[in-house]
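Okay, here's the structure, questions in a sec.
Letters A, B and C name the chains as they come in the text, with residue numbers starting at 1 for each one.
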Amino acid sequence: MTMKKALFGVAAIAAFAAAAPVQAEKLIIGLASEPTAIDPHYHNLGPNNALSRHIFDRLINQDEKQRLKPGLATSWKPIDDLTWEFKLRPGVKYHDGSEFNADDVVCSFKRAPDVPNSPSSFATYTKGKTVVKVDNLTVHFKTAQPYPLMGNDVSTVPIVSDSAGCNAATEDYNSGKAAIGTGPFKFVSYKPGESIVLSRNDNYWGDKPVWTELHLRSIKSGPSRVAALLAGDVDMIAGVPTTDIETLKSNKKLQLSQGVSNRVIYLHLDQFRENSPFVKANGGGEIKNPLLDVRVRKAISMAINRDAIVDRVMEGVAIKAGQLLPEGFFGVSSKLEPVAYDPKGAKGLLAAAGYPDGFEMTIHSPNDRYINDAKIAEAIGQMLTRIGIKTAVETMPRSVYFSRASKGAKGLPEFSFILVGWGAGSGEASSPLKSLIHTYDKSKGFGSSNRGRYSDPAVDAVIEEALRTVDDAKRQDLLAKATEMAIENVAIIPTHFQVNTWAAKKGLKYIARTDEYTLAIGVLKE
Amino acid sequence: MTEVVQQDLASERQVQTIDSETPFKRFVSEFFDSKTASVALFILLSIIILAVIAPWITPQDPYDLAQVDVLDGRQPPGAEAFSGYTMWLGSDGAGRDLYSGILYGLRISLSVGVMSGFIALLIGMAVGLLAAYAGGRAENVIMRVVDLQLSFPAALVALMLIAILGKGVDKIILALVVAQWAYYARTVRASALVERNKEYVEAAACLGISHARIIFRHIMPNCLAPLIVVGTVQTAHAISLEATLSFLGVGMPQTSPSLGVLIANGFEYMLSGRYWISVFPGIALLVTVVSINLVGDHLRDVLNPRISTGGGKAK
Amino acid sequence: MSVFIIRRLLQAALIVFIMSLIVFFGVNVIGDPVYMLVSPDADQADIEKAIERLGLNLPIYEQYFKFLNGAWQGDLGDSFVFGEPALKLILHHMPATFELAFTALAMAIVIGIPLGLYSGLYPEQKISKGIMAGSILGFSLPTFWVGLMLIMLFAVMLGWLPSTGRGDTAKLFGLQTSLFTLDGLSHVILPALNLALLKISLAIRLTRSGVREAMGQDYVKFARAKGLNTSRIILVHVMKNIMIPVVTVMGLEFGSLVAFSVVTESIFAWPGMGKLLIDAILQLDRPIVVAYLMIIVLFFVVINLIVDIIYSILDPRVRLQDQGA
């Protein structure tokens, strides 16, 4: 990462803004999913992380394109192979008036991975790192091996106060007692299932938000959320259903913001079983798993009409995909294009592989996880059926789907051909490569979501090398190379990147984020 | 169908005063006294026939993915599909012709409703007869269980079971059966009790006729009338319950949509101006349930002399 | 009497215990909550840790004993999703559901009884037939569909009422309720109406058949013969006789309203117990599902007990004892 000096101009603007007369500016946002706690370390999941960005800061912030920007740290750099030095921002105050310093960082990194009852901890980002206080405004992060992704990992962990937050329980945060951060908003009230109310932190060190009062309401049902916006009960909503985008666009009282996300929707294929449970010969007999043949995998990819998926199923609100992350992200390849739709060529490849009449297969998909997931699976089933692979479609709620897809029978993935999505939380290509493409390896923590069990030692080697390379340019090339190798081999079949849509009253503009978060600080007045 | 109705109406006028009419004839004539009920019955029978012959009168099998094309998705009523036929009611998001989808959906909704109702009826009847005939302690225990179950709303029982069992056609049917059997059991027991204490049953018992024969030949036929009433109402209830569960996302699977799933899918399009995706299946569901209820309501008036004579207890 | 109550309480305890067995083991069969909860970034070791933290690594019977042990002390386990005691979360959501059900019940009585009265008194009139047809429609319309239509009509098209959510609350007798603020009332109208629809139909039909039966009774005929005017006969004599059974039956429907609020709450984003349950089912938050079902079973068992006792007080012919046994 290139190290950037903090823009001290920000402080000047902030000072100017503070001089303006205080005006009550209330913003009500309708969220699609509800945060499960105020405690920023309790649940490492999208809605919670989005909420915690309002009340708490991180050492490093991710901007709307997930690029790293100074947060509570003004600069960070490796001082040797195994040590990163972070310089902390001076003069930052918590909501309770106490001063931010290195002790807060040390104790936050201690608390984050180990909150009692936590269903999903931050250990993923804190493990292998030792945090040492050097002086009040300097900390060192030490690792056992060279670790280039330090900045990305550190940018995910919220900093809580040593005095008020580190020894508090999740309940204390939810009651507001411990919900004391350095962030742009202060905690006011929390009613689970109903609303979260925050107010502006007038002493915030960075860009102060326009909004003096912020209400976050969760309205899970899509149409109800849109109805709430149309009725004027909320000022902005996240997660606009694709079906409503067209109508909302033509509504003069509203304004839409759209942005591509870091989430790729892709197909995983069983590449480790000689007989795959959901692949059968025509008529239902046993068959040697055709998905082991790269020609068959290519044929499937060519049979998928990505334009039809984007235009018809996603109503134009998606971008067809040829790799793991959309253009502009760190580590993507400039050579890869989405595979073109070619049903004739696909049939030819199937025939060449020895399946002129195709075979039978089932595609499994969740029906409540990704935008239009079940419909996409159905469309893919239709397309494959047309080239002779008679595809049944089975969709299920994610509560059942993910456990079966990850470890169904005997701890192995249960399905043969699945539709899944992957959002790169780190904002660069090592995240999907490590989890989806690398050989499944429990001891090293690789391939944890490799549900097709694709395995290629050559690709593994490139990925592992990239994960050791601190030099940004070199690492970028290695990640791109690994992606190209995997896509060439059809390790997975990417279909499209999700595009997220927010809708707001006229006069409000939301800066769309690739990480799909809804942040009040990104809601601007025009 | 209309012919049959007219014929019956005509014959009714002739036979009305004849004393020797069979109970069935009297029932038929009384039933068709109500215009509303006759129309409802006619509509209901048409719906059932349409659902049964759906494969022969629809342009598309909405469950065969080779016939469904996503490129046909979200077309307004009257649009032409790629394979050439006209989609009179438009198409849904996956490219299913809604006319075909609704008829196939009706098949599923009706069969789930009828099947669960029938199984529940069998179980309820067996339990109710057993209770009434056995009497004593067994009856007490059985009726305590029935009362307990009836104190829970059917929707809640079904929801609990789905929470425990998970999704799927078989589980929905099971949940609906469990939610309904007690109604039948209570009805059967009540009317069986009345019969049990009649002289002819006692006489039959004295003659040494077997228990099974007494139950099946004498007691059961006399319980049929209330069972039919409860059965129609419960079937309508089961159909809307299934639709509700599907709407909540815990019902039937996406790919073989019942009416409830079609409506739930259409729910997404409610605000987008594509009214047809949920309005047409909604109307189909509504018409079906309303006509069953109208028929059931009138059946109750006709079959249950207690209500029709205004409170007398004569039988 | 006390013997009866003790016996019924023991029975209730047995029912709750059996239900806990069924529900606990049933709920633990489907899916695996860990995959619902962990971040996709988590690797295999992180997932194992999460399993341990949630106590899912223990054999199922040990989990059950742990649950029983806790339940005995009033602890029904911690929610997987929220990390707080399930009981506390449910109690927290309870007032919202109760005020919704209560408002719906009031609506059903206020709207249903007059309509039923009218159609019972003048059964041959067009309006009465319309009311009866409407009540059949009320029985038949799926709740979720009506809810949507209400939102579309009153919130989106006319803009009269808020579309979703619960309004401001105020404290009354130590309870936070939205029924005493203007904002709160405007929020409760649509969902309550949606929930009440079925019960309005029920009230209409009960009142109608009650009135028709009463009108044929001797005391009404006598009153007529004595020359009392019709409105007095209806308001004093007929109403007095039918109100008690109708209101009693409607009161018993309160439980069913609480149960049925699941649908209404999820459409109107009403933060009650029903929505909590549906979310918990979809997210496999087992402790909440178990706790909710336990509480609802208890709730119904208690209602039944109270009803039996009240009946025995009102009607001395009903003896409070288990027949036969």
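We take it that contacts are C-beta pairs under 8 Å (C-beta built on N, C-alpha and C of every residue); 3 or more make two chains touch, one makes a residue touch a chain.
None of these values were measured; they are calculated from a predicted model.
Relative to the whole-protein C-alpha centroid, the nearest chain centroid is that of C.
The interface with the greater count of contacting C-beta pairs, when B-C is set against A-B, is B-C. The distance from the centre of chain A to the centre of chain C, with each centre set as the mean of the Cα atoms, comes to 39 Å. We define each chain's centre as the mean of its Cα atoms; on that basis chain B and chain C are separated by 25 Å.
Rounded to whole angstrom units, the spacing between the C-alpha centres of chain A and chain B is 47.
Residue positions of chain C touching 2 or more other chains, listed in rising order: 30-31, 148, 152, 156, 266, 282. Chain B has residues 166, 249, 267, 270-271 in contact with two or more other chains. Shared interface positions of chain A, defined as residues touching 2 or more other chains, are 223, 227, 230, 368, 397, 400.
By the touch rule above, chain B contacts chain C in their complex via residues 36, 136-137, 139-140, 147-148, 151-153, 155-156, 159-160, 162-166, 236, 240, 243-244, 247-250, 260, 263, 267, 270-271, 282, 285-286, 289-290, 293-294, 297, 307, 310-311. Of all residues in chain B, only 65-66, 68-71, 73-74, 93-95, 166-167, 249, 253-255, 267-274 touch chain A in the complex they form.
Of all residues in chain A, only 222-223, 226-227, 230, 241, 243-244, 246-247, 308-309, 312-313, 367-368, 372, 374-375, 378-379, 381-382, 385-386, 390-397, 400 touch chain B in the complex they form. Against chain B, in their complex, chain C makes its touches with residues 15, 22-23, 26-27, 29-31, 133, 136-137, 139-145, 148, 152, 156, 209, 212-213, 216, 255-256, 259-260, 262-263, 266, 277-278, 281-282, 289, 293, 296, 300, 303-304, 322-325.
Contact residues on chain C toward chain A in their complex (touch as defined above): 30-47, 49-50, 53-54, 78, 80-84, 89, 92-93, 96, 148, 151-152, 155-156, 159, 162-166, 266-269, 271, 275-276, 279, 282-284.
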